[in-house]
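Order of writing sets the labels: A, B, C, D, E and F. Residues in every chain begin at 1.
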Amino acid sequence: MKNVKRIELVVDSHHVDRVVGVLLAAGVNGYTVLRNASGWGDRGDRHPDGITGAFENCLILCACDEAKAEKLGELLAPVLKKYGGVGLVSDARWMMR
Amino acid sequence: MDLSLLVDNLRTPAILFFALGVLAAVCRSDLSLPQPIPKLLSIYLLMAIGLHGGVELMHSDLGARVIGLLLAAVVLAAIVPVWSFFVLRLKLDAANAAAMAATYGSISAVTFITANNFLTTLASSDPAYTPGGYMVAAMALMESPAIVVGVLLARWYAPSSEGTPAAGDEQRPGLAGHGAGDAGGFRDVDWGELFREAFLNGAVVVLVGSLLIGLAIGDRGWESIKPFAYAPFKGVLCLFLLDMGLVAARRLGDLRRAGGSLIAFAVLSAPAHASLGIAAAWLLGAGQGDALLLATLAGSASYIAVPAAMRLAVPEANPGIYVTMSLAVTFPFNITVGIPLYMAAIDAIWT
Amino acid sequence: MDLSLLVDNLRTPAILFFALGVLAAVCRSDLSLPQPIPKLLSIYLLMAIGLHGGVELMHSDLGARVIGLLLAAVVLAAIVPVWSFFVLRLKLDAANAAAMAATYGSISAVTFITANNFLTTLASSDPAYTPGGYMVAAMALMESPAIVVGVLLARWYAPSSEGTPAAGDEQRPGLAGHGAGDAGGFRDVDWGELFREAFLNGAVVVLVGSLLIGLAIGDRGWESIKPFAYAPFKGVLCLFLLDMGLVAARRLGDLRRAGGSLIAFAVLSAPAHASLGIAAAWLLGAGQGDALLLATLAGSASYIAVPAAMRLAVPEANPGIYVTMSLAVTFPFNITVGIPLYMAAIDAIWT
Amino acid sequence: MDLSLLVDNLRTPAILFFALGVLAAVCRSDLSLPQPIPKLLSIYLLMAIGLHGGVELMHSDLGARVIGLLLAAVVLAAIVPVWSFFVLRLKLDAANAAAMAATYGSISAVTFITANNFLTTLASSDPAYTPGGYMVAAMALMESPAIVVGVLLARWYAPSSEGTPAAGDEQRPGLAGHGAGDAGGFRDVDWGELFREAFLNGAVVVLVGSLLIGLAIGDRGWESIKPFAYAPFKGVLCLFLLDMGLVAARRLGDLRRAGGSLIAFAVLSAPAHASLGIAAAWLLGAGQGDALLLATLAGSASYIAVPAAMRLAVPEANPGIYVTMSLAVTFPFNITVGIPLYMAAIDAIWT
Amino acid sequence: MKNVKRIELVVDSHHVDRVVGVLLAAGVNGYTVLRNASGWGDRGDRHPDGITGAFENCLILCACDEAKAEKLGELLAPVLKKYGGVGLVSDARWMMR
Amino acid sequence: MKNVKRIELVVDSHHVDRVVGVLLAAGVNGYTVLRNASGWGDRGDRHPDGITGAFENCLILCACDEAKAEKLGELLAPVLKKYGGVGLVSDARWMMR
């Protein structure tokens, strides 16, 4: 098992492609997306209503090495600032496979 | 005004289901139609209205009057956001004013469908109330222009630091040196993406595509799918409006936060814009049916295509404002009071 | 008993699809109708039955007999849980006994719909088998009372530490000083929330709302939505029962764990409660159709509204028991054997 | 070849909606029908085609010719994967070749339905084009055999370390000593699971179950569900094909990666296998309608049942290859060009 | 980036409003909810069936500072005890935005 | 609160039963499954399409003690190797209930 950083992002569903673009630009090896999340934060209540699509959140999970995580922290800050959403970074170990 | 129009409209199954949805949400019932049921229903409605419109269009002859109506529709969709923007700037910043202007320049397909519904009884006694299939084309043409206008307004009047970040912009480390392409277009608006959102939004594609398919399949094709696309249509609309009621009422919290002047805009802009539609229809010599639909399109506001585009192009704008106004104020106003009101006005003018 | 009733019933498409679902689940097929398809189907069924009932109700004259039937329905729904509770206490703790009592006092709309289905053929040859639209109102009235009774029973007979925590209750640090309001009502039952769950549960709202809408829209409104709300009804029921079969059979594991005496209750309570319904119908001079529906309502058990309410109000109770009994035992029993059995009994008594 | 057949086919609503889906995806529209809408639609289609086939089957007399056709169907489904495997081995490893061989041996229900659709107009003028209900049974019989053959091929020709791991296999610590049962069958193929996947896959169960139910319910039962299972069928097919178009076009990236020779196989194997079907139908003296359906079944490739089974039994194979070829090449080929082509060939031979 | 606690809860969908009420009472600044989870635990198999709604789980994710996490641990214990469900607390860093 | 390991797996939906079988074999006390995930990794783009079902991912979350996590690391490695998917292990504390 090797040490990795576990990056967890919650963003507006409309922005997933952008955020994934940033992940790819940083050179990560994979990511996972869970749609249909609701939540609450600085931008108020967000609850997918199925009609407008305007209030759906997504959870993006990405495991990468420390250097990439560092870079992602920099690349994502302005994105989160402009488009809203939050990011968490934690430590994990990558299971051998 | 002929009050019986209003009362009849309020007794329509679809409107009653909308009311049921509102009531359920207000009483905090746990009733909900989870994703993606509403998506299925709205795709169905767009597909059905598009097909039907296409089939009717095939049977109409497209004279100068029709071309005039279509042109009027596009012009209305492009100028409504401009004046709306400047009015809204009194209360909102550039981004929110632009998003809301785009919202009100564009249209709501379900409001259009409700107006169509409203016309069926009248049309059975007087053919002047039968709208032409080209009105579906008018709707399709009105979806997108306001999006482009809205984004242009947002860019033009944005605080300069937003629109054109300085090279050393401290708040965007790592992007300043990368250029828009690298990180997905955060520097400035990505026009390709914007046009895709405006003209290739799912709702637009289904509507326009179904319209063209309706034109192509001929009567035999239409007969084969009528039991799907026509017979259950009004029933599906009931189910969809039940959900619209739930969703609209659940945004009432945001409404209170937005304040009275925005609500006033959301209510008053509908008849104001509808009047423009009525005037255009009158000048073009349209029938009462076509006039009602043009008025309704002008008076309605988007809550599907525009929000999707605005999230991407004007992310600073708060959908809790523009979606809420459109969905929780203008939409209910139009389907309950607005449509009969516009009809009464048209009847008064036309006769 | 006339066996042909049973055999005919078992050859109904809807029942066969239920059997297909059970078979598929037992053979561990991967067949499933994922969320929210079943939700869409059940909202459709409730909406359609409500609308149809409302329209029929509009045409019925509501004499003393009808009022009597509605009253009988409510009384049945309120007393069934009481006696059930004391029987079930022999095997279960207070919370589980109360939840299960509420489950059996309330009703299953799909069982009602199946009984309605069952009557259509009989009704075509003899109008006494045509049920009145007011029976949908009876169903609506029977959904909620049992929930309230169940919660009252659970509170009354709960071990005192559960129901009325002492001020210094060690197991709830941080809540003792906050009061129920603060942390969402964990201290005691929140009656507002409970009544909301009982009377404003999504299923209840759609059913009652559609009934009222059916009353309001008149024949013209009904004609416009019949191709949605009436024509495909029996087909949608098939699809829904396919899923019911899958879901019921997948609870068989829980069933084994629950043990024989509970299964016996789940099977025997159905005809027992149905007999009460038959007796009431007989005393009130109802027709055979109304009698079958009242019997079926009394004999059926809830698996939507009650579980939702019980999760909130009696969270100590295990839905693996009360939902499983209702869904995997009583429901299949009623739709396959029960309904023809009750019909045979009614036929024997009435003639 | 009679080009009007092709042109008429391309103007069918269903085909046009498929094209709309492809176009929307190619233009990168955000249109989508999220899960589980497509699942609902495909269960509906299988249920409807099964029921209809069952009802028709009840009315057919099953002579030697029908038995012959059913047998031919099974034999085709079992031998197509064998020869396909050896051809595909030229380009692919054993696992991928086997998965793809299974895919092409099995069938696509929607292609079958499209062919059925195609026949309706022809059948109205000449009864020889009316297919028998037993062709639905033929389809059901062709779903599973190829799965079993495919897995056998994959095991047989797998590199030995894959199929039968040595006791001390370093790459599987912790499993070597546990045996297959312990950890869920990772050591080798689990035949019980495989047969369950092959014969109890959801799609197979709904199709076969509905066929049997169609046989059982009689005309009265069928009448009661026809407004659900028959009337809206072609419209639902449109909606489903819209999604198929979206999904197929979104796999075009994988297609490019897979390379020309696989694409050639995906295109050319369809008429090749269809020819086998035509030959069998001719030898058995079938009508033109039955012949077209047998050809279409033979020429079509699975994208539901087989991928599900292969994910479990041959996980080394890449669904990005076998699903993509079937969905994004063979399916579009068959529904647009293939079916009219096979019909033209049959017309030429039969007359 | 500042250090935060990452609180992860799995509860019955019917109880989400209650749990969220507790989060708000503790003063958190946001949370995210993912519905439609299945699972298995002390209360047996839970798999959303779409008919009864009685067996659907939800995952709730909340990042907050250590003091609030502490408080939440206390406030949530009786809730989890009475209504079932589990809670996990881990360390993470909050991305600048 | 006791220390636990938080195991997070992303696998093909078709393999959930197998992976859950391994979790149970290792003796865990519970797990949670979130379906309908999309993602990207060594096996390319995976996005649930609703028609084929072949490209749907699942997220599985399991909290267990260190010894079981150790064992799971061993048991899961060959599974992830053969069937694809990723596994992350991190530290967490289990909330009292």
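Going forward, a contact is a pair of C-beta atoms (placed from the backbone, for glycine too) under 8 Å apart; a residue touches a chain by one contact, two chains touch by 3 or more.
Small disclaimer: the values here were computed from a predicted structure and weren't measured.
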### Query
Can you list every chain that touches subunit A and also touches subunit C?
B, E
### Query
Which contact partners do subunit B and subunit D have in common?
C
### Query
Of all chains present, which has the mean Cα position farthest from that of subunit A?
C
### Summary
The C-alpha superposition of subunit A onto subunit E, two copies of one sequence, needs a rotation in degrees (nearest 5) of 120
#### Entry: Of all other chains, the one whose Cα centre sits farthest from subunit E
D
### Task
Just give me the whole-number Å value for how far the CA centre of subunit E lies from that of subunit F.
19
### Task
Could you grab the centroid distance between subunit C and subunit F? Build each centroid from C-alpha atoms only and quote it in angstrom.
38
### Task
Mind checking the centre-to-centre distance between subunit A and subunit B? Centres are C-alpha means, answer in whole Å.
32
### Summary
Check: subunit D positions touching at least 2 other chains come out as 33-37, 39-40, 227, 231-232, 308
#### Entry: Junction residues of subunit A, two or more chains touched
34, 36, 77, 81, 90-91
### Query
Who touches whom among the chains?
A-B, A-E, A-F, B-C, B-D, C-D, C-E, D-F, E-F
## Note on the structure
Within their complex, subunit D touches subunit B through residues 11-13, 16-17, 20, 23-24, 27-37, 40, 120-121, 227, 231-236, 238-239, 242
### Message
Applying the document's contact rule, which stretches of subunit C touch subunit E when the two form their complex?
### Response
33-39, 42, 171-175, 178, 182-186, 243-244, 247, 250, 253-254, 303-304, 307-308, 311-312, 315-316, 318-320, 323, 327
#### Entry: Residues of subunit F touching subunit A in the complex
8, 10, 34, 36-42, 57, 59, 73, 76-77, 80-81, 85-91
### Contacting residues of subunit C [partner subunit B, same complex]
35-36, 39-40, 43-44, 47, 51, 196-197, 200-202, 205-206, 209-210, 213, 216-218, 220-221, 224-229, 231-232, 308
### Query
Which residues of subunit A touch subunit B in their complex?
12, 14-15, 17-19, 21-22, 25, 36, 43-45, 47-56, 71, 74-75, 77-79, 81-84
